[in-house]
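Paired with chain B in one complex and with chain C in the other, chain A is shared by the two complexes that follow.
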Partner chain A sequence: MDNIAGKKSALSWVVNLSVIALVLLWTIPTFGLLISSFRDRDQITSSGWWTALSASERNVIVRAAAPDSAVKVGDVWTISGSVLEGASGTVTAFGITSRAPVDFAPGAVATHRNGTVITVESDGAYRLEYAEEPEGGKGQRLFVTLKSAPGVTLENYSQVLFSEGIGRSFLNTFTVTIPATVIPILIAAYAAYALAWMEFPGRTILIAVIVGLLVVPLQMSLIPLLSLHNKIGLGKSYAGIWLAHTAFGLPLAIYLLRNYIAGLPREIIESARVDGASDFDIFRRIILPLSFPALASFAIFQFLWVWNDLLVATVFLGNNENQLVMTGRLRELLGSRGGDWDILAASAFVSIAVPLAVFFSMQKYLVRGLLAGSVKGG
Partner chain B sequence: MANLALRNLVKTYGQTEVLHSISLDVEDGEFVVFVGPSGCGKSTTLRLIAGLEEVSSGAIMIGDREVNNLEPKERDIAMVFQNYAIYPHMTVKKNIAFGLRSSKASKVDKEARIQEVAGILDMVELLDRKPSQLSGGQRQRVAIGRAMVRDPAVFLFDEPLSNLDAQLRTQMRLEIKKLHQRVGNTIVFVTHDQVEAMTMADRIVVMKDGHIQQVGTPEEVYHSPANSFVARFIGAPSMNLLPAELSAEGLTLAGKVLDAGRWAASPVGKVLLGVRPNDLYIDEIRPLFEGRVSLREPLGSETLIYVETEHGEVIARADGRMPPEVGATIGLGARTEDLHLFDAASGVSLS
Partner chain C sequence: MLAQLISAFDIMILGVFGCVAYYYLSNLALDTLWPAHGKRAAHNINRTTAIRPWLFLFPALLLLTVYLVYPVIFSIWLSLHDRSGEVFIGFDNYRWMANDAKFRESFGNNLLWLVVVPAASTAFGLLAAALTDRIRWGNIAKSLIFMPMAISFIGASVIWKFVYDFRAEGQEQIGLLNAIVIGLGFEPQSWITTGFWNSFFLMAILVWIQTGFAMVILSAALRGISEETIEAAVLDGANPLQIFWRIKVPQIWGSIAVVWTTITITVLKVFDIVLAMTNGQWGSQVLANLMFDWMFRGNDFGRASTVALVIMAMVTPIMIWNIRNAKRDL
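The block that comes next holds the complex of A and B.
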């Protein structure tokens, strides 16, 4: 009996493992990016994001204050100050030569070979004692191992949002994305209803043409479309990119929605017709609410595609402050601030935060069957 | 209210004619049931009346209006579908109210009407539920309520009970019949179940292959079927039909000659002798058929027995308490007035 029901095939393990692998593959870097974006530059460069919750240790070289700041206390000259210079953390070890940078525990007394007595306390305070008035231009080198508490900073975000121009680009991207998602849905929903439920000559051919348009690469139409925009005076403007995204999104939108709407039970539509509803009533009162899962899933696709788009935005929008979108700005940042991981991590996270939010808030519509209860067994 | 008339109604799909010139008059307030095997054109007829399909030729009259070219909503009809077709995203109340949108009645009147219909259908407490929270029977009741609320001239029911389980079907059958007695609208009801047809109809329209076979009260189609198809289709278990020959000497049944009786004047030739299982009784003295019992189907109050005779298998009804044993040889008799004769070639009744 056990080979009939309840026995999992070996393949289901493969499936489960693949799913786990895929999930790890994209969540771990995302998570890392999120954590990195909250760490300051020193932390990012000195340790990996996975150590963010434990205290990090780093070795730094500080110079004590210059010898001319020495003051005479009693019969010794002393220089005192703090190795932390305003930062937070504790000193776990210090040294006075590059060969032995961690030889002394905090509070211990180290004697330099020139006779200077050096102490560094764990709170970072140092004290140098000289028998005679010290000379020279440079301060004494101190090798300090600093342990800093896990710190969380919003500094990166405030920097990218307000001084690197990401905030402005963020708004620009929204200005592109929202109309470029809504307009195709509005058009496609009407078209899909007509193609699914209204009888008119040439309907099948029209559907075939739309399916055919799915395979047209958009790169092919970029330049002709842009020169058309220039001819009719749209130029590089938001209206232009809305139209372009709408045009590129419509074939898929109509195709997806038509398939969904054609699958709605015929009786519901006929029943509404007998009940006295016009085509527009049926569309608005019956079709639209019932197609919500399809509309939502297409909205997610289109939103993500437009949000992440660089190509179309580069072609149809200008490069100025008022028109540069997130992807364009990130590309610029990579060029100009390529080594600044703190900036890049925060910028990247700003740009993926919205797609993530959209996905998680809408994903239930992808799986929810709104048709439950309409027909037998539904 | 109005009566419904079909005049030489023809429906073709491309080259195929599926309805061949159907004519029918339905009286005001009548409950007419279209019954027939699947593909006989009964649902097509209903959809033509509803305006969901275009008439190829002929006319449909509701009241005194020809409605051929009217939109469904202008025809003063309401329809109930087999799979309920209620709107899943609306509450029961909104579903029912949907049919009232185009009406010009005031909001108060509409509300009162909805409450009245909900009261009749016993679902006042269900008004705020969503269809997914209802059982099959309740959903069908919502569909009926949505049709009722408009008080149409003609109700159209397209196999509304087929999706329900047997017990619920019986119950809804009664409810629809009661509803008809109460509201009195004309009802056209389509079903493939002859029991539904028999129990509910004022008049039954038996259809086959796009032709009307017979129109009559349940008694008429049961007791005097117009042809062998109706005879076989109406009544369960179906009528036994056995080959026989009508000649000058009388009715010859497998070598046995019977008195031709009331068929003496009928043209001679090959015929089919029909007799219903419950018109047969065990008669060892002057049996019509003799044979061996091959199978029994106990139904409680009675038992169906399958008897192998020299003319073929004959089904008969026997007493439920003391049915003959399987293997026993028995004789079956019937009264002459319970016999039916049909022309063997055309199937037309010879009575």
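The block that comes next holds the complex of A and C.
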């Protein structure tokens, strides 16, 4: 139809460019953190992640070896070593006072006001020469500008997985998520079938109640249920959180599944009834297999919701090593290591990786579920 | 450690088997008690048909009652009691709330969130839906815009905290936003600690997450519009913008309303983002986080319940609207 307007190419340019802008806006924040999670700490704090592909420059202050380690070579006492101390990079400038930290090119000769002659080579080697035997235990300060090549490091990931407790939390999250995703499906499916295909008084009211419960804020439930769990001895345990997540997931599960099951062709169910199948058989043999897409949609919702949940986990699980889930750990890291972007970025990506994988591989079901869950209401 | 994961699997299987066993056995019991044959077959069948739905519904109803219905009632009771939950204090908690500066701040912020987030998410979602439907790589674009939906609020907070990162002027900025601001020749800002406007930077995170949802729903709605109305408009000489605003948008009002209300509910419950970004400091508190504060730091269940009830009250109109719509469909 745009052909009729006669400006298809101009319009399609605008559309394409706008979509590119939108997509960039929506992906760049995540992308930036992803890049950062592969940079080492010094790189992250010294330059923006968008410079990751170019070499980064940073200024560091290094102390030369202590004067009493000077050795006499010919007439002069010398101290030599490397400013890099094992790191990689090249020196692009150096200085010997804080007021002029970049005054000398690598290889140039700087003379300190006490007469010491200092040079720093581009490969990091420094050499101090004294006319007389130097004294004292403090080394000369050297101001160095280091340029390091862009490097990719997996150091952050190995650190968070093995020493920051993320690995453990990853397992805890799985422990919470698996039963909390699977158990509500079955319970909801039976209820949904009853609400869709069985006649009984009060059915309409029950459906209305479930639609109402869909939006009850979790905040309502926290205090009463925490007291209840403590009273019946569940306390802060996995059993408690499984039950809580199962119950909180039920309204959506029943609603989605009922809509889907009610839409199955009447003839199939009626003819099975005529053949003498009981409701139990119909459910097991016909409804369950046919509703697979709806079951999958809900499973993905519930999985994402439980995996990403912080509130329910904070309230119903403790924050010890054995129970702290990934979102809880991430929150803790944000508090205790707020500026350590190397740790934060890698931790965030470990926690995001699984839901993102689920999202991209099962997107079809997710979209289908969203449509089934929402469009009907309008 | 692995033992824990294995036990989770065990529980899952146990849970599933437990459920299956319950449904199977309860059905078996029903059929044995009132068999569908013999002398009183007709009577028995009537009996079992009346009972069976409740067998199917029982576990779900039990959980829903204990975990969602009972808490609402118990919360009302708690809100009339003091911090220990033992001494009845009438409406003191409500009186406290009305005069509490932090509550007013949270309530005001929540109202602001309620206006900005659903509006912005729906608008961006509609824009994305309308544009991506017109291009060849639309599906990839949709996937990417939809992606934040899979990211936890807390993960999103880490992502955006990095975007908003602030270093004093003169230092190298590693936050993208400040780098852009400097590139444009302005001074770097500490986005999340400057009162009032900081709330908007937190809202941006939720908009970023929710836009994909709005886009998916609205895109389906747009595709559901009948070709005829559009063809008629084209024949009448309408330009693409007119077609969009005058023909398409009016036909999808229903979906827009659903998107708007669903996001509204999410906004009322939002807590992770505020907790992670500012923890309610610098004038950015919201009700859900205030409730959490009173529950865990204040240890005052009475006040926390009162705040929760306010959230509940704000959700109620939407709840009623949803129920009405659902009843109409039945």
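Just a few scattered comments:
Assume the second predicted complex is superposed on the first by the 298 of 378 C-alpha atoms of A that agree within 3 Å, B and C clash if a C-alpha of one lies under 4 Å from a C-alpha of the other, contacts with A are read in each partner's own complex, and residues count from 1 in each chain.
By our rule, contacts are C-beta pairs under 8 Å (C-beta built on N, C-alpha and C of every residue); 3 or more make two chains touch, one makes a residue touch a chain.
Treat the numbers as computed from the prediction; the structure is a model and nothing was measured.
Counted by residues of chain A touched, the larger count belongs to C, out of chain B and chain C. In the superposition on chain A, contact is made by A:R273 with chain B only, not with chain C.
By the touch criterion defined above, A:G124 reaches neither chain B nor chain C. When the two structures are aligned on the shared chain, A:G81 is found in touch with neither chain B nor chain C.
Shared-chain residue A:I286: touches chain B; no touch with chain C. Counting contacts as defined above, chain A residues 370-371, 374-376, 378 meet chain B in one complex and chain C in the other.
Listing the residues of chain C that touch chain A in their complex gives 1-2, 4-5, 7-9, 11-12, 15-16, 19-20, 23-24, 27, 31, 49-50, 52-54, 56-57, 59-61, 63-64, 66-72, 74-75, 78, 85, 124, 127-128, 131-132, 134-135, 137-138, 141, 143-155, 157-163, 165, 172-176, 179, 208, 211-213, 216-217, 220-221, 230-231, 234, 239-240, 243, 254-255, 257-259, 261-262, 265, 268-269, 271-272, 275-276, 288, 291-292, 295-296, 301, 304-305, 307-309, 311-312, 315, 318-320, 322-323, 325-327, 329-330. Interface residues of chain B, counted against chain A in their complex, comprise 50-52, 71-73, 77-79, 81-89, 98-99, 101-102, 130-134, 136, 139, 143, 146, 150, 163. Residues 1-2, 4-5, 11-12, 15-16, 18-19, 22-23, 26-30, 32-33, 36, 44-50, 168, 171-172, 174-176, 178-179, 182-183, 186-188, 190-191, 193-195, 198-200, 203-204, 206-208, 210-225, 227-228, 238-239, 242-244, 246-248, 250-251, 254, 278-280, 283, 304, 307-311, 314-315, 322, 327, 330-331, 334, 341, 344-345, 347-348, 351-352, 355-356, 358-360, 363, 367, 370-371, 374-378 of chain A touch chain C in their complex. Across the complex, chain A meets chain B through its residues 265, 267-268, 270-277, 281, 285-286, 289-290, 370-376, 378.
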